[in-house]
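Below, chain A partners chain B and then partners chain C, in two separate complexes.
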Partner chain A sequence: MSAVVEELVSGGVRLAVPLLLASSGELLSERAGVLNLSVEGMMLTGAFAGATGALASGNAGVGVLAALAAGLLFAALQALLSVVLRADQIVTGITANVLALGATTYGSRVFFGDGAADSVPGFDPIPVPGLHSVPVLGPALFEQTALGYAAFAVAAVLALGFSRRTSWGLAVDAIGEDATTADRCGLPVRAVRFAAVLLTGAVSGLAGAQLALSEVHAFSDNITGGIGYLAVVAVIAGRWRAWPTLVACLFFGVAQSLQFAAPALGLHLSAPLLTTLPYVIALLAVSGLVGRSRAPSGLTVPFLRGA
Partner chain B sequence: MSPPPLTLSAPAPALRTAHTRIAPVLRHPVTVGVLAVVLAGAVGLGLVKGAGTGPAVAWDALVEGMFGSSYAVGSSLNSAAVLALIATGFTVAHRAGLVNVGGEGQLCAGGLAAAAVGTTLPAGVPAALGVPLVLVAGCVAGGAWAGIAGRLRARRGTSEVITTLLLNFVGVGLVSVAVHEEALLRQPVTSSETLPQSAPLPEGARLPLIGGVESPATAIVVIAVVAAVVTGVVLRHTAVGLRLRSVGHSPAASARLGLPVVRLETGSLAFAGAAAGLAGAALVAIAPYVLAEHFSSGYGFSGLVVGLLARGSLTAVAAVSLLFGFLTNGGINLQLAAGVPASSVQIVQSLLVLFVAAAMFTTTRNGRAS
Partner chain C sequence: MNTAAPALEISGLTKSFGTTRALEEVDLVVESGTVHCVLGENGAGKSTLCHVVGGSVAPDAGGLRLYGSPYAPRRPADALAAGIAMVHQHFSLVPTLTVGENMRLLRLRDLPRRVARVREEYGLELDLDARVSELPVGVRQRTEIVKALLREPRLLVLDEPTGVLGPAGTDALLATCRRIAESGHAVVLVTHKLGEVARAGDAATVLRGGRVSGGGPLAELPPERLVPLMIGRPAGSLDAGLAGTIGLAADGDSPEAGASGSGKTRAGGPEPAGRALAVGTAEPGGRAEPGGKAAARVTQALRLRDVSVRRADGTSALDEVSLDVGYGEIVGIAGVEGNGQSELMALLGGSLAPVAGRVELDGRDLTRAAPRERSRAGLGVVPEDRLHEGCVPQLRVADNLFLGRLDRFRRHGVLLDRRAMDRAADSVLTGHGIRADGPGALMSSLSGGNQQKVVLARELALDPLICLAAAQPTRGLDIGAVGAVHSRIRDAAAAGTGVLVVSSELSELLVLCDRITVAYRGKLLGPVDPAEPDARERIGALMLGARASRPGPENTGHTPEALR
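Then we have the complex of A and B:
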């Protein structure tokens, strides 16, 4: 029984790590007023670039760099559209995801051919001496790969560095609440939004690399399969705050891993029902049925000086 | 002294410079559209070359898949009709200032209800009764699904963008649950190869064909055309249309004028949901006449994109739906006949949308699609 629980928790954390990484960036982007629906596409691009880089060089580290670069490039295009040209964020986000799906599927046909990406050089878990033998939590938290530990660090730095107790965090919130007023106060609205999208791209690219290089050591078509949307939903369910977002990510991870652990626990659960659960929870959270909640008022509203 | 004319938003100085920099001919939506098609087409050509196929072969396959047979034309028309219905609903809600991102979920709700009603109908049901029942069930379910978002907006002030987005995933999930559970809609499992899908609809619940035996075009094409025309007339020439526009421009001013703002907003969103639900019902009532996982195949999201690109014009809704409907079917043939990955069409189509979306600030006054 306890082995099953341990498997459930460590499986949940394993699934939550890419979510956590991506949503730590998405949280900032949404607080700054950009609803970045293209996290899914950024992760997918990152996973593809990561696998390609690792495969071409034989080195997983190069793969991570490639994923980072691809995520940034993708984000730069997205920011050009939604921040500079003020195109509709929802349309560009959803369409960018379709573009990423099409491009990576096409790319894996042309570059990988059949089965070449089934085994890619990746990262191996590094157990932290002592800590990894703590029951339940040990294997979940302290048997990550180097990239996994880096993911924890990045998420923590972003959450603390841009909390509401830092001037940077306050600036981001001000821009997301009322861009015009923030602009009149001298805050660089466009630059901050652009940077927030870039940051989301970078961490989402890393999250994609984590999927492809730390977990499965392979690339397959649509490897993300909606995890990117789940990262956006985690931010909404977390009501645009860091701690609840972390809890949401962990919960979504455990809910997913429950699909695999349920038979061992003797539970009969409908797998599609479990996949739907995060969205229902987010819906309840965002409608204020669970705690108070309010989206940044400037979310999805493009900014133009003088408009 | 008369008071200065009331404007809804201050003119944008930065944009004015953008406007004067770009010649009016280049800013015309048709020019933007043509340029976007040319650019996306160029990328498509590159993708075809990358896959090692000659451009002529690929072009022939694409055209063959779009117009080559009455089968191709018929199925393209069906796809276009589904897109047009969703985009028509989107346009109505958008007129009232709401963004309905939930087409996919409403489509699923409609399909679910249509399958539930359709499969319970007796085998010998007459088409005059069965077809309307199935379609109305889809409408009602889609409207109710959007109604959740409408109600949350009215009661709790939750943005419909986020609620309809989330409801998409819930709707897709519910379809998945329904077709996997025998207690719900799954067809009786007789062997391990029984697909997770509903039992087929009886003869009398299937949409009638309109183009003869060889063409799969169904009555939904007629319904979509009628819906678009009627909606266009209502939005443009009736009091309801004017009220919706008024709410869209300024809910506060409309409320002061005594308009039932909440009812108009909720109603327009429910209409959008009903239109998408109708599209979902149609997808179930078209061959192979079953509800299956992923039956929506992204139509809801594509319909949203069509609606946004058309920017309030129902003529444009029809044009863009046709373009998308035909391109999608052409893309399938591109893979079958020319060996070019169908994802190439996916890439070209999304680039097309991104180009148009990027150029939109040149053609609208304040950069928001209005």
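Then we have the complex of A and C:
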């Protein structure tokens, strides 16, 4: 049984890493008042660009850079639509996701022929000497790939650098709660929102690279399969605060790994049914939190001076 | 229905929120066919009382009887079904719908007939096709009242209804109250303005700190007796500004009764001349001539030249308006709401660009400057809607105070020195007499008056502060807060800041300002020297666009007397 628990925890943390990356960006973006539903599309684009870059150059590092660039570009489009042109954030987000799915599926036909790229150069786990042999936590935390460790660092920097105890974090909250007041106080509302979306794009691109280059070393159609949406849900479940969002990410990670551990636990469900499990759990978790959370007042409200 | 029984009878009503006793053993009897005023300062329990009657708050103890029968509403729908209509301070209108659509939401039968009846009976006119979001606050209020009347209620409860109305609107509303009472129904008028009470009420109950501090027929309760009941100290101790805002001197019936012996002096400043103040106490010798001295200087603190502003729908909101505010001068803008005042404030705040004209601060062109350039240049703006434009309710008080100046509190790069911030905030809280649970309290936990003081404190802390523009600076504040806000404004002017005050409270402008102009259909009329004995009448006439000496609807056709 303990082997199952260990597998569940270490698998959960591994699966939580891309979630954590994307959520840490999404959290910032939502606190600034922009709902980025397009995290899913950003991740998918990042995964595709990462796989293509790594495969073309034979170097996983180049793949990571490609994923970053793709995520940023995708985010720039989203920011242009939702921040500058003040388009509806939900509509643009969903549309962007559909666009990303179509474009990457088409792209993989063009680049990988049959729609899947196997044996992409990727990252291998680097166990931290000593620490990785700690029971349960060791394999979970200290047997990550370089990208995984980088993800922890990025998430930590974002959470701490933009906490409400920093001037940046406070400015972000003011802009997300009440853009008009923030503007009157001289805070650069649009610039901050634009930057927050770009940042979400960058970390989501990284999250995509994590999926394609650390997890499986391969790209397949719709490799994200809704993880980007889970990242958005994690922010909601985390009630727009950093630590609870981290907990939500880990929880959803474990929920995902449950599908792999199910046979060992004696759960014999069909595979497609098992893949829906994390989403069912996410739904239950979020509905249990209804009424206890409060979104930033300015979430999804575009800012226009004098409007 | 037993017509001999009182319309509403409240006995032993008690309600606590946590450790705070909002209402304690409150007894109240509202006879049918009367207007019953409930008086009290902010926090006296007036709103809680309304909520209990309206069914949105359940009392801890005590009972209610409505026209003789026991009445224990468990939800607002019960109150409606019992024939009680409520008009709250906060509007319950869907802003994106039209007035007519909002009324249709009530799902009443024969709506057109009811609308026609309300129009006929109470003279309340409304444009059913106007979108609520585009209406000035005063008209929204009227819509709210019409909505309540459409249900043909037996008891109408109005919670601070005149806070957003100009004098004409207030007159109309009070007349409406009287008409409702005369038709045999009852009205509960919750207010803190004594002038209204004297004019429209039959009886009053005064609340202080959640308890009934007194009450009875108004024939036996002149304002001089009501004031001590409300605030716990005699009326004579009030300064003219305070007396003005609670309506002691407000309503022209007996001007000399209110502003008894009140005067104000300014300590120093570029224009130290004492002004003759308040209504009816003018002494020609003491009158200041603000225009003359200020004009001698090359620049003005604030100068508007031929400024025109259009609304979103293309109609003209400000029409070639020119206005000067000298250094150390307090200029008031009176007028019924919706005559361009909101647009003027938006223009000054930088959220609305003019189609023509020029805005100068201290001789510097700010016509198209962004808000942050304006505050840097020294233009402080206290917006009318302090909750939506003035502060971020979800942040701490200290954060709100220093939102524009976070750089001052950086430590190790990006970390905020919260301790230094809180210390600085603490001294602001003390200095401005802001009652908050420390600098770390959430802005939303403060009372309206204290929120206003925070916004004002933030704008007054601008360095330099050339001009302060404040809209409705004391709306909805209790007497203590009004006094504090007024003295802050006077201090700023004494230090040489030009001050522009937009207010629908004429009494406030009369005691505060050196010069009053009147907004009327996008023009500024006047100016009127508040020290003139007939200033109130002249301003009243200008509000209706006339030059006549006495206000009245018959004057509306006269030619406006434009300023410059």
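FYI, the second predicted complex is superposed on the first by the 279 of 307 C-alpha atoms of A that agree within 3 Å, B and C clash if a C-alpha of one lies under 4 Å from a C-alpha of the other, contacts with A are read in each partner's own complex, and residues count from 1 in each chain.
FYI, a residue touches a chain if its C-beta (ideal position, glycine included) is under 8 Å from a C-beta of that chain, and two chains touch if they have at least 3 such contacts.
Fair warning: this is a prediction, and the values are worked out from it, not measured in the lab.
Undergrad: Once chain A of both complexes is superposed, is A:L137 in touch with chain B (first), chain C (second), both, or neither?
TA: Touch status of A:L137: no partner.
Undergrad: In the superposed arrangement, does A:V91 touch chain B (first), chain C (second), both or neither?
TA: Only chain B is touched by A:V91; chain C is not.
Undergrad: Just chain B (first), just chain C (second), both, or neither: which does A:L81 touch?
TA: In the superposition, A:L81 touches chain B alone.
Undergrad: Between chain B and chain C, whom does A:A174 touch in the aligned arrangement: first, second, both, or neither?
TA: second
Undergrad: State whether chain B or chain C is in contact with more residues of chain A in the superposed arrangement.
TA: B
Undergrad: Between chain B (first) and chain C (second), which does A:Y106 come into contact with in this model arrangement: first, second, both, or neither?
TA: After superposition on chain A, A:Y106 lies in contact with chain B alone.
Undergrad: May I ask you to decide whether A:R305 touches chain B, chain C, both, or neither, giving the answer as first, second, both or neither?
TA: In the superposition, A:R305 contacts both chain B and chain C.
Undergrad: Please work out whether A:A262 is in contact with chain B alone, chain C alone, both, or neither, and reply first, second, both or neither.
TA: The answer is neither, since A:A262 touches no partner chain.
Undergrad: I'd like to know which partner A:L283 touches here: chain B for first, chain C for second, both or neither.
TA: In the superposition, A:L283 touches chain B alone.
Undergrad: Considering only the contact definition stated at the top, list the common interface residues of chain A for chain B and chain C.
TA: Common interface on chain A, chain B vs chain C: 305-306.
Undergrad: Could you please specify the touching residues of chain C with respect to chain A in the complex?
TA: Residues of chain C touching chain A: 346, 349-353, 370-372, 375-376, 381, 383, 388-395, 399, 403-404, 406-407, 409-410, 414-416, 418, 458.
Undergrad: Given the complex with chain B, which residues does chain A contribute to the contact?
TA: 35, 37, 80-81, 85-88, 90-92, 94-96, 98-99, 101-103, 105-106, 109-110, 226, 229, 233, 236, 270-273, 275-276, 279-280, 282-283, 286-288, 295, 299-300, 302, 304-307
Undergrad: Inside the complex, what are the residues of chain B that reach chain A?
TA: That would be residues 9-10, 12-15, 47, 50-51, 99, 101, 152, 156, 158-159, 161-163, 165-167, 169-170, 173-174, 176-177, 180-181, 298, 301, 304-305, 308-309, 341, 343-347, 349-351, 353-354, 357-358, 360-361, 366-369 of chain B.
Undergrad: Which residues of chain A touch chain C in the complex?
TA: It is residues 161, 165-168, 170-171, 173-174, 177-178, 180-187, 296-297, 305-306 of chain A that touch chain C.
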